[in-house]
Every structure is written in C-alpha cells, then in structure tokens.
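What follows is a pair of complexes built around subunit A, which joins subunit B in one and subunit C in the other.
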Partner chain A sequence: MQSINWGIMAPEITVAIAIAVAILLDLFLKRSVSRNWIGWVSLIGVAVAGSFVIYQFNLPTSGLFDGIYVLAIPNLMWKLLLLIGMALIILVSMGQKQDELGSYRGEYYYLLLLALLGGMFVVSTWDLLTIYVGLELLSIASYILVGIRKKRAVSGEAAWKYLVLGGVSSAFILYGMSFVIGLTGTTNIIDIIHLGGVPEINEIYVYLSLFLLMVGIGFKVASAPFHAWVPDVYQGAPTAVTSFLAVVSKIAVLALFTPLLLTYAALSMKAWNEVIVILIMVLAALSMLVGNAVALRQTNVKRMMAYSSIANAGYALVPFTRTDGIFIEGSMFYSSLFFYLLAYLFTTIGVFAVIQLVEQKEKSQDLKAFAGLYRRSPGLAVAMTLFIISSAGIPITAGFFGKFYIISGILSSWDNLWLVVVMLLTTVVSYYYYFSVIRQMFFRPAPSMIEVTTPKSVGFVISISCVVVILMGLLSPFLMDTFQRLFT
Partner chain B sequence: MNLASFLALAAILFCIGLYGVMTKRNAVIVLFSVELMLNATNINLVAFSKYGVIPSITGQVFTLFSLVIAAAEAAVGLAILMALYRKKGTVEADKYNSLKG
Partner chain C sequence: MMWSQWLPTWITLSPLLGVALLLMVPRESKKAHRIIGILTTFIPLILAFQMYFLFDKKMTDMQMTISIPWIEVPIGTISYAMGVDGLSMPLVFLTCLISTLAAFASLYIRERTKLYYILFLLLEVGMLGVFLANDLFLFFLFFEVTLVAAFFLVGIWGYTEKEKAATQFLIYNGLGSAVMLLGIVLLFVLTKTLDYSALPTAISLLGAVESYDTVLWVAFVAFLVAFAIKLPIFPFHSWMLRMHVEAPTPIVMIHSGILLKMGAYGLLRFGVGMFGDYMKELAWLLMILGLVNILYGAILAFAQKEFKRVLAFSSISHMGILLLGIAALNQIGLQGALFQAISHGLISALMFFLVGSMYERTKTTMLSELGGLAKSVPVLSGLMLVAGFALLGLPGLSGFISEFLAFVGIFQVNPWLAAVGTIGLILAAAYTLRVVLKTTFGPMKDHYVGLADLRVKEVLPMFVLVGFIVLIGVYPKLLEESIQVTLHQMLLKIGG
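Now for the complex of A and B:
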C-alpha cells in the first residue's frame, strides 16, 4: 500500500486544528475572558495556513486520492485569495461592538473558519462529491453566520431566506450532478474527462444536467437572474459576514466554474461550443445589467453594495467566455481573473469595513449616514473614496486594471465584443451610484461633528486595503507578468 | 422496472418539492419541501448506481453523504426558524417581510 503524503494537505489541516482549538478555548475559557482571544487564535490559524500555501507554490503538481485533493498552482492561488480575505475579515470582525453578537462571539469565529474550510476544499478538488460536501460546509456555516444576531428579527429573516434558497440551490446542484454520475458512473472529474464524450442519444441528459447545475451555481455565486436572495441577506447579516459572503463565499463558488465547465465540455464538445459559452455570457451580461441598474435606486448602502456584488459576479464570469477554444487555454485566463479578484477582494473588504464603522456609529445603513463624513473623519472618507473609485474602475486604481485585463484577455476573437460593450456601458452606469456615496461624504452637511471612532484592527485593515489598491494600480504590469509566469 | 420510471419518480418529487418551496406559506412545510427536493435526488443517485450507463457503487455512497448533509441542513433550518419564531411569533413565511428596498 502506498503511503499517503498528508503534507500537501497542510493548509486545510491547519485550519481544522485551529477550529478544534477555538472550540475548546470557547468551552474552557471563563465567561469574563474576552472572546477576541478566539479571534486571534483563528487569525494565527489562517496565517499559518497561508504560509503553508505560499510554501507550496514551489512544490510540483501533485494530488491525493486520485484527484479528490489536488495541489496545483491555480488551486493554490484560489486558496491564497480565500485565506487573505478571511484574515482581513477576522480583523474587521474584532472591531465589532461587544453587544453586537452578545455571547456568541466564540461561535462566530469558528463558524467563519468552518466556512473557510469548506471553501478551501471546494477550490482544491476535482471530485463532484467533495465539491458538494465542501459547498455545503461553506453554505451551512454561512446560514448560521447570517443569523447569528439572534436578538434581531432582520438577522433571523435574512438567515431564513438564505437557508431556503440556499437549500433549493443545493438540491439543484445535486440533481444536476446526479445525471453526470449516471452517465459516467464516477464522481472523479479527471476520470470523466478521460472517459470522453457521451453517445449522442444521451446528450439530452448532459443538457438537462448542465441547466440544473447552472441554476444552482448561479444562486450560490449570486449572479442574475438568481439573485433574489442577495440584497435581503446582505442587508440582514452583520456587516463583517456580509463582506464574507461577498468575498470568500463568492470566490470559492467562482472557482467551481473551472472543473464543472470542463466536465461538461468533456461530456459533449457540442454542448460546449453551442450552449455553455453562450449560457455563461448570458449569466454574465444579465448580472452586470441587473446589478448595476437596480443599484441605482438603492438608498440602503448595504443593499447597494449587494447589487454591486451581483454586478461583480458578472464581471468575474467574463473571462470564462472565450469563444476560441476552452477558456483555460493560455495563461491570460487565470492571470486576468486572479488580478481582478485580488482587486475586488481588497476593495470590497475595505468598503464594508468603512460601512461597518459608520453603521455602528449612526445605527443606520442609510446612504445619508455617510453625510459629511469628510468633516467628521477625513481619513475614513478619503479611504472610502479610494475604495469607491477602485470599485467603479477609474484609472490608476486596482479595480480599473482588473477590468482592463479582463477585457484584453477575452478580446482574442470578436464574437464576444457585445459582452465587452455591455461591460463598459454598465461600468459607466455604476459611476452614478458609486459617486452618490462620495457626494454624501464630501458635499452634504454632517448631522453631528463627532468623529467616527476606528478600532485598531479595523483601521489596520482599511489602511492595508488602501495601500494594496494603490500599489496594485501602480505595479499592475509587474504583477501581471508575475501571474503570467506563474500560470505558464 | 427500468431506469426511466425511477427517473420519472425523482423528477416528480423534485417538482413537488420546488412547488412547495415557492407556494407554501407555512415555514415548516417550506423546510419539508426542500428536504423533498434533496431526497428526490437521492432516488436518482441510487437508481443510477443500479441501472445507470455504467453501474457503480458511487451513486449509493454519494447518497449517504447527501443524507447526512440534508439532516444537518434541516437541523440548522429548524434552529433558525425557532429563533425567528421567538421574535416574530409566527411561522407564516410571508410575514417575514421586513427586509425590502
């Protein structure tokens, strides 16, 4: 019997150990001891896992259990994104007011880690069963996180909507997967790809399975037309959890598109050429249109960011729509996607960190809560402006280059020119609602002149995000070169 | 018995579940409907494992996992519903409408 090299699973094992330690600490620490210690334990776990991932970039591609767990550069990159996002979100969570979560602070941190663990398995597997189990671990932990403020009705309501729609989408994913298993008799995607196409008489099942799966994944990645839950859940969840859903959860589900779409391409090349690319294009275009259009009339800043995150799901789907061959051919796919997601990660976490501070101070999520922020806390207002400019995609910030590289990556053929036009037009539309925040901050009188206090950990996250957003803008050619070398 | 009848049964159950989620007002029934959808897929998986194009044990193993996950989901769902019931005093799902914009 061949011995199993558990070492390549080190990041996941580290996170699992951190979860166990956090649970035990929560059990044995006295009630009077601050639960922020559990936050620090989680942060250390995430940092150690992150350093393992960085170390693993030097290792050759390898796998465990016939591809159930894969160690390759793209998987490591996805995992690194999740871990960076998680570390920042844990720091932001420590800045939450003590009364926000009551006595559930301990649970809060290890539920975050559990969701992260689910996400890490999702991004590092080529097996349908593990994908499903990881996805459910991510989702079920997120349902609880959304509803963790038990004392508030909105929180429970958001959790309820998320749970029901999340459950339905899981059922769709499972139903879709069941047909793939029926056609191939295996859950291993690498085996499925080696098996080759299905006979023409069975192609109808491939299409059925594809549509069911796309409905489910569309729900989970928060793309239109399956976005109904997004604004409600984002509004009702604690702000740190909202940024978790917008960043970590979305990135993990987005990573799934690669193995799943390749599965269908292998099952039927005809489906790939005629249906899949068009399907993704429609999902992307609808998300951009609906997200940006509906965001225009939002007055609740968290709902506005929810629609913005729907639009961002659309932008992030664009690299998958290359029409001349399979999307992962060439290094441009991964490098443009990762550049975009890295920019999105820092920008979004920064925005939500500022929203959390203002929301806690003003007890309101209304856009008007930002009125006169520049006079009250100039630093916060300037940081928020930078994040907004980056989300809107205005030059020399990270967000601009993210969109720029996505567009230059898919313009290899002119078939998807219309998608690029949609992307550019909706970006221009998005300026209007993004700038309404800036208008409030700089040109409206402040209701009071009391400074919005910034806890150290949140201040750290905001300044790090600012620096990264600017640096990614300035050093973008260099970063892009590094990515391209990584993925060739 | 052939594969088609099992697939038809699963499809019918799946659709009943989906219909229940969309139309039922009682939140507990909504949870049941989600469970029905998940269990419909289990029928599919087990049928494929016996009568599929390439029969194998994989489908049945998958079913075990999905049963456990469905149970976990139901537990979390009921817990959230309990918390919500204490706040709202009702299990009518259309009374849960304070989030809108």
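Now for the complex of A and C:
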C-alpha cells in the first residue's frame, strides 16, 4: 500500500489542531482570563493554514484517497478565499463587546473554526459523500453560531428557523445525491465523469436528482426562490456571524456548483444543454430580481444586507452558466468568478464590520442609526461609503470590475444577453437602497456627536478592506492577468 | 514621449493635486479649503490654454494622443487612451473655465468645506476625463465619477428637497449608465476594441453583416437612451428639473453648464461620429424630439412661478435646439449644435450664478415675491438683463449665433420643421423677459430696500462669463476654426 502524503492536507490539519488547542484552552484557562486569547490562537491557526495554502500553489495537482481530497489550483483558491474571510471575521469578532456573547466567547471561536473546516473540505473534494459531510459540519456549526446568544428571542428564533430549514435542505441534498450514487454505483465525481452518460431510460432520475439537489444547494447558497430564511437569520445572528454566513458559508457552497454541475453534465449532456444552463440562469436572475427589489423596502440594515447578499448570490451564479468553460482555453470562468468573490468578500466583511460598530453604539440595527455618521466618525463613514459604492458596482472600485469581468466572461454568445440585461438593471435598482445608507450618513443630522468607538482589530479589518477595494479597482488588470495565468 | 502627449492626462488629473492637499488640511480651516479649491482649478485652466495653442486646427484625427494597453480580457484589449480633437477641445475649455468660476461661486458654501472642495475637484476630474478619454470604457469610468460626485454635492449642500433631488438624479442617471454599459459591452464583444480611432471603421464594417447589424442597432439605441437621459430629451427630463432647483449655486452652474453637455457630446461623438449611418436613419425621430423639447420647454417655462424652474425648462428648450442641429446632420447644423453646447453652457452658468447670488440676498426665488430689484441692486439686475438677452438670443451675443446656425442647418433638411421650431425663439424671448423684468422692474418690495449689491468677488467671475459670451457672439471664428475640420471629417464618414 502506498504511503499517504499527509502534507497535502496540511491546511486542514492545522485548522483541526487549532480547534483542539482552542477547546483545551477554553477548558483550562481561568474564567477571568479574556477569551480573546482563544481568538488569537484561532487567528494564528488560520494564518498558518493560509500560508500552507499559498505554498501549495506551487505544488503539482495531486490527490488523496482517489479524489476524495484534491489539491489543484481552483480548490486552493477557494480555500484561500475561505481562510482570508475567516481571518478577517475573527478579527472583527474580537471587537465585539464582552457581554455580547456572554459566557460562550470561547466556544464561539472554535465553532467558527469547525465551520471553516467543514467549508475547507467542501471546497477540496470531488466526492459526493465528503461534500455532504463537509456541508453538514459547516451547517451544524453555523446553526449554533446563529443562536449563540441564546437568551435573546430574535437569536433563538433565527437559530430555530435556520436549523429546521437547513436540516430539510440537507435532506434534499442527500436524497438528490442518492440517485446519482444509485445510477452510477460510485460517490466519486471523477469516476462519474469518466463513466459518461446514463442510458436514456434513466434520464428521468438524473432530472429528479438534479432538481432535488438544486433545491438544497439553492437554499444553502441563499439564492431565490429558496431565500425565505435569509433575512430572519441574518438579522438574528450576531453581526460577525452574519458576515460569516454571507461570506465564508456562501463561498464554500458556491464552490460546490462546479463539481456538481459537471456531474450532471457528464450524466446527461442533454440535461446540461437543455435544462441545467437555463436552471442556473433562472436561479441567478430570480435572486437578482428578488434580492434587489425586496431590499428596497428594508429599514433594518442587516435585513437590507441580507437581501443584498441574495442578490449577490445571483451575480455570483452568473459565471456558472459557463461552467463548461473550465475545459476551454482562455475561458474567464474561474478568473472572473474569483475576482468577483474576492471583491465581494472584502466589501461585505467591511460593511458588516461598520454595521457591528454602529449597532453596538446605538443599540439599533435601524438605518437611522447611521444618521450623521459622517459628522461623528468621518473615517468610518468614508470607509462605509467606499464599501457601498463597491457593492453597488460603481467604478473605480473592486465591485465594479467584478461585475464587469463576469459580464465580459459570459457574453461570448448572445443566448445569455437577457441575463446581462437583468444584471445591469437590477444593479441600478440596488443603487437606491445602497445609497440610502449614504443618505443617512451624509445628509441627515447626527442625533449625538459622540464618536463611534472603533476597537483596533475592527479598525484594522476596515482599513485593510478599504485598501483592497481600492487596489483591486486600480490594479484589476494585473490581478485578472494573474488569475488568467493561474487557471489555465 | 512628448510633453503634449501627456497634456490631456495632466489636465484631467491635475485637480487631484488639490484633493491631496485638501486631505492634509484640518477640517476647521475653511479659508484654506477655499484657497486650495480655487487655485487648483486654475491648473487645468492654464493647461487648457496651452492645449489650445498647441492644438493643430488642420488635423482631422485626434491629437496629443496616448494609448497604453490597460485591461486585457479574452474579448479584446481596453486601453488607457486620451486625446483631443475639435469636438472635445472647446468642451474641455468650457469645463475648465466654468469649474474655476464655480469655485469662485462656492463662497455661498459655508459648511463642511473640506469635503465640498474634495468632491468638487473630483467632479472636475470626471468631467474633463469624459471629454478627453479616447476609449469608451475609460469614458464610462469618468462618466460614473461625475455621477457619484454630483450626487454628494447636491445631496449635502443643496436646498430643502436636496435628498429627493440627489436620489432622483442618481437613479435616472444610473439607469442611463447601465444602459450605456450594455451598449459598451455589446460593442466590445462585436468589435473587440473600444478605442475611438478604431471603432467607426469597425462598426461600419460589421454593420454590413445582417446579423451583426441588429446587435449594433441595440447598442446604438442604448447609447441614444443614455445620452437622451443626460441631455435631457423629453420624456426623460423630470430628474433635471428638481436638480436645477435644489442644487447649490456652483453645482447647478456646473450641472447646467457642463454635465448636460456631456449628453450633447455623447450624441455627437458616438451618435454622429461612430454610428453615423444609424443616426441618419433615426434623424427624423431626433428632429421630432428636438421640436417637442423646444416647444414643451418653452411653453412650460412661461407658466412657471419660480425662477430656477423657468431656467430649467428653458434649458430643455435650448437643448431641443441643440438636438435639431445634430439631427440636421450637416456641417452647419452640427456646428450650431456644438456652438449651442458651449454658448448655453456659458449663459446658463451666468444665469444660475446670478440667481444664486440673488437668493443669497432675497432668500427667495419665487417670482411673486420678487420685484424692483433694479433699484436696490443695480449691478446684479443689469447683469441679469445681459444674461437674459443672451438667453433669448440677442444678436451680438453667443446665443444668437449658435441658434442661428442650428436653425440654418435644420432648414436645409426640413424647412417646415425649422419654421415651427422658430416659434421656440419667440417664446424664449417672452419667458426670459418675463422673469427678468418681473425680478428687476416693477414696484420694489419694502424689505428689499438696502440690499447689498454684488461684491467684487462675485462680479469678476460674472464679467468673465459675459466677456466670453460677447466674444463668441461677435467673433465666432474663434470657436469655429478649431471645430470645423473635425465635424467635416465626421460627416464624410456618413457620406452626407
């Protein structure tokens, strides 16, 4: 039996060790010791895992256990996104008020890491069962995180909703997968792809499985029409957890679309051509329309951002209509997708970091809490403006180029022109609600002139995000170029 | 590399120097903000003078060009391309001039001056970039910069309904931008380039293929709609009414003086310059819309009870004349359109400056409450009369020559339409004199006794504007020389 090169799994192992250390620390540290130390341990774990991932970019493509674990450039990139997002979110979490989480501050960090570990498995496997296991690890940790402030009614309600609906969606996913396994006799996606199509008589099961799976995955990625849980959960969760759901969890699930879509394309080329592409387009268009339209009527910032994240799921799904592009030289599938997600990651975490600060100060999630922020804390207001301009996709920010590259990536044929039109028009709609925050910050008088205090760690995240959003805008060609070379 | 090659870049980016300086000045030192703001606007102005003297009036193509590959995507290459030709030259000059004068007019801005001048200078960067960019993508980027900067400027420093005005401005223009971006992307996918120098040929080549022709039509209509919103063409005008009324004085000077002209520039540059053949087929529509604009604006201007709304509707009417000039698609008509853009830019900037300084004194712009100002503020009233004359097209002032040219142009193509359109000129005289006389003559209201007349720092910029209005009026050759070759070249491509 050949020896197993555990080095390939170094990032996951690092995170697992960090979890163990964090649990032990939480157990043995005195109650009086600040749990932020556990946060630092988690951060170090994430940073080390991240450096392993960066190092692995130089390694040739390889795998463990017949493709259950794959080391390839796209997988590494997904993982890197998760780790960057997680590092920022840990930093933001350390800026939470001490009483926010009560006695669960220690648990909080290693639950985050557990969810991260689940996500890392999801993005680095080409095996159906492992996908499911990773997804469950991610989800179950998230359910607890959402309800971690268990004495609050909103929080409990959010967690309950998330748990029940999330459980149902997992069941859909598992049921959908079971058809594929039944048809092919294997859980290994690479084997399934090599197997080729199924006999025509069995195609009905392919469709059945596809629809079941799409419902489940559509739920987890928070795309319309499976979005009903999103606003409540985003509103009820602690803000740092909300940004975790909107960024890390969403990106991990998005990564699943590539292997899963390719599975179905392999099972039936007809399904790919006639159904799947259209299905993705409809999911994307619906998410953009519903997300942006309903966001208009929100007065709670977190609910507004929840709908915005639904819309963003829509934008991010657009490149997947060209998933087959990964086999084509010079395709922009991965490069445009990753550019977009990187921009989304930094802007969204930035937005939620500012929201967390204002929320803590004003004890309110209402849009009005932002009134006159420019007068109170000009730096914070300018940063928020930058994030919002980027989210709204206005040049010369990262968000604009993200959308621009997505559009240029899929417009090689005219079939999806309508999708581009939907994308552009809903973007304009989004101006209205994004700018309503700006209106509050700049145009309205401040209720008090007390500055919104910014803990160092949160300030650091906000500054980094600002710099990245600007740099990605100014240097987008270089980044795009690098991505293009990486993924071909 | 020659110095002149970088001149368009320097002109566009030079206001950023002021932004950098302002960032270093503390928030409280308002005087320093003002000085930096005003002095910075002189840099592009001086450079624009230099550009004017370096400008080769005989050259048909873009000059002082620079083109560096910037973004490479599988579809094609987007380049950082800047340059100037007879079409953009006068508009750049207008932008620099009005920006400087508007910076002077910013003395009415008393709060949050640091942020104000930063945004003001960014707005100038955007406007100059729009006129000097030589690549559609770059054009779009600068176009968006003006949008965001103007949104803040109106929303923070405007009058009572500023928030509504800013939001409406953002949504309408955002819609225009989205439609334009669609047009740009379509063009890009088809032609693989967005460089001004390569686009016209690429479009006419592809237009010959029937399947591409449809797509090009879509792209063309997208551009048309985007610039129709900006100009604005009826029925896309409602946003600009509020904007005119609510924006602070310097910004409304810029808005009505330059931002609206970006629509005219777009129609000329892309409509006539690149989609010439498509433009030709839709010329009838533009003529009708132009006529509607003229009459609708003029009639409603007559019925308004508030000074700035009169000016807003008069802008619609005057933009109608501009549109007629473009729709004529002949040398003289296009020349009239460009003249109208410049002339109306100067006149409306002057007019809004005057109304703004009047408001500072009377605290109202309602016509029913104004009257007899000639007695208490003679200089202001005198200048207002001059501006009124210019607006209604008195010979010897720039308004006359531009409207005359536009109408001669359209007369050659469609005499009947031109004849109906001239009704607009008569109405213009009526509504302009109505507001000017209503404010300056008649019995003076008691509480206007003892109002302070214009100060030197207000009068000087106004005189500069009057000077240019007269200069173009009596010596139009100054403007004509530089634009003729470019317009001629554009028309040659259409084969008109």
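One rule holds in what follows: the second predicted complex is superposed on the first by the 479 of 488 C-alpha atoms of A that agree within 3 Å, B and C clash if a C-alpha of one lies under 4 Å from a C-alpha of the other, contacts with A are read in each partner's own complex, and residues count from 1 in each chain.
Note that contacts are C-beta pairs under 8 Å (C-beta built on N, C-alpha and C of every residue); 3 or more make two chains touch, one makes a residue touch a chain.
None of these values were measured; they are calculated from a predicted model.
Student: Should A:Met480 be classified as contacting the first partner (subunit B), the second (subunit C), both, or neither?
Tutor: second
Student: With both structures placed on chain A, which of the two partners, subunit B or subunit C, ends up touching more residues of subunit A?
Tutor: B
Student: Tell me the contact category for A:Thr427 with respect to subunit B and subunit C: first, second, both or neither.
Tutor: The answer is second: A:Thr427 touches subunit C but not subunit B.
Student: Kindly classify A:Gln356 by the partners it touches after superposition: subunit B alone (first), subunit C alone (second), both, or neither?
Tutor: Touch partners of A:Gln356: none, neither subunit B nor subunit C.
Student: Should A:Ser209 be classified as contacting the first partner (subunit B), the second (subunit C), both, or neither?
Tutor: In the superposed model, A:Ser209 contacts neither subunit B nor subunit C.
Student: With the two complexes superposed on chain A, say which partner A:Asp232 touches: subunit B (first), subunit C (second), both, or neither.
Tutor: first
Student: Going by the contact rule set out at the top, does A:Ala171 touch subunit B (first), subunit C (second), both, or neither?
Tutor: A:Ala171: touches subunit B, not subunit C.
Student: Looking at the overlay, does A:Ile389 come into contact with subunit B only (first), subunit C only (second), both, or neither?
Tutor: second
Student: With the two complexes superposed on chain A, say which partner A:Thr397 touches: subunit B (first), subunit C (second), both, or neither.
Tutor: After superposition on chain A, A:Thr397 lies in contact with neither partner.
Student: Looking at the overlay, what does A:Ile407 touch: subunit B (first), subunit C (second), both, or neither?
Tutor: Only subunit C is touched by A:Ile407; subunit B is not.
Student: Touching subunit B and also subunit C: which subunit A residues?
Tutor: None.
Student: What residues of subunit A sit close enough to touch subunit C in their complex?
Tutor: The contact residues of subunit A facing subunit C are 330-332, 374, 378, 389, 394-396, 400, 405, 407-409, 411-412, 414, 420-421, 424-425, 427-428, 431-432, 435, 438-439, 442-443, 476-477, 480-481.
Student: Would you tell me which residues of subunit B are touching subunit A in their complex?
Tutor: Going through subunit B, the ones touching subunit A are 10, 14, 17-18, 21, 27, 30-31, 34, 37-38, 40-41, 44-45, 47-49, 52-56, 58-59, 61-62, 65-66, 69, 72-73, 76-77, 79-81, 83-84, 87-88, 93, 96, 98-101.
Student: Hey, which residues of subunit C end up touching subunit A in the complex?
Tutor: Listed in rising order, the residues of subunit C that touch subunit A are 27, 70-75, 115, 140-141, 144-145, 147-148, 151-152, 155-156, 162-163, 166-167, 170-171, 174-175, 177-179, 181-182, 185-186, 188-189, 215.
Student: Taking the complex as given, what residues does subunit A use to touch subunit B?
Tutor: Where subunit A meets subunit B, its residues are 128-129, 132-133, 136, 140, 143-144, 147, 150-154, 156-161, 163-164, 167-168, 170-171, 174-175, 177-179, 181-187, 198, 202, 231-232, 235-236, 298-300, 303.
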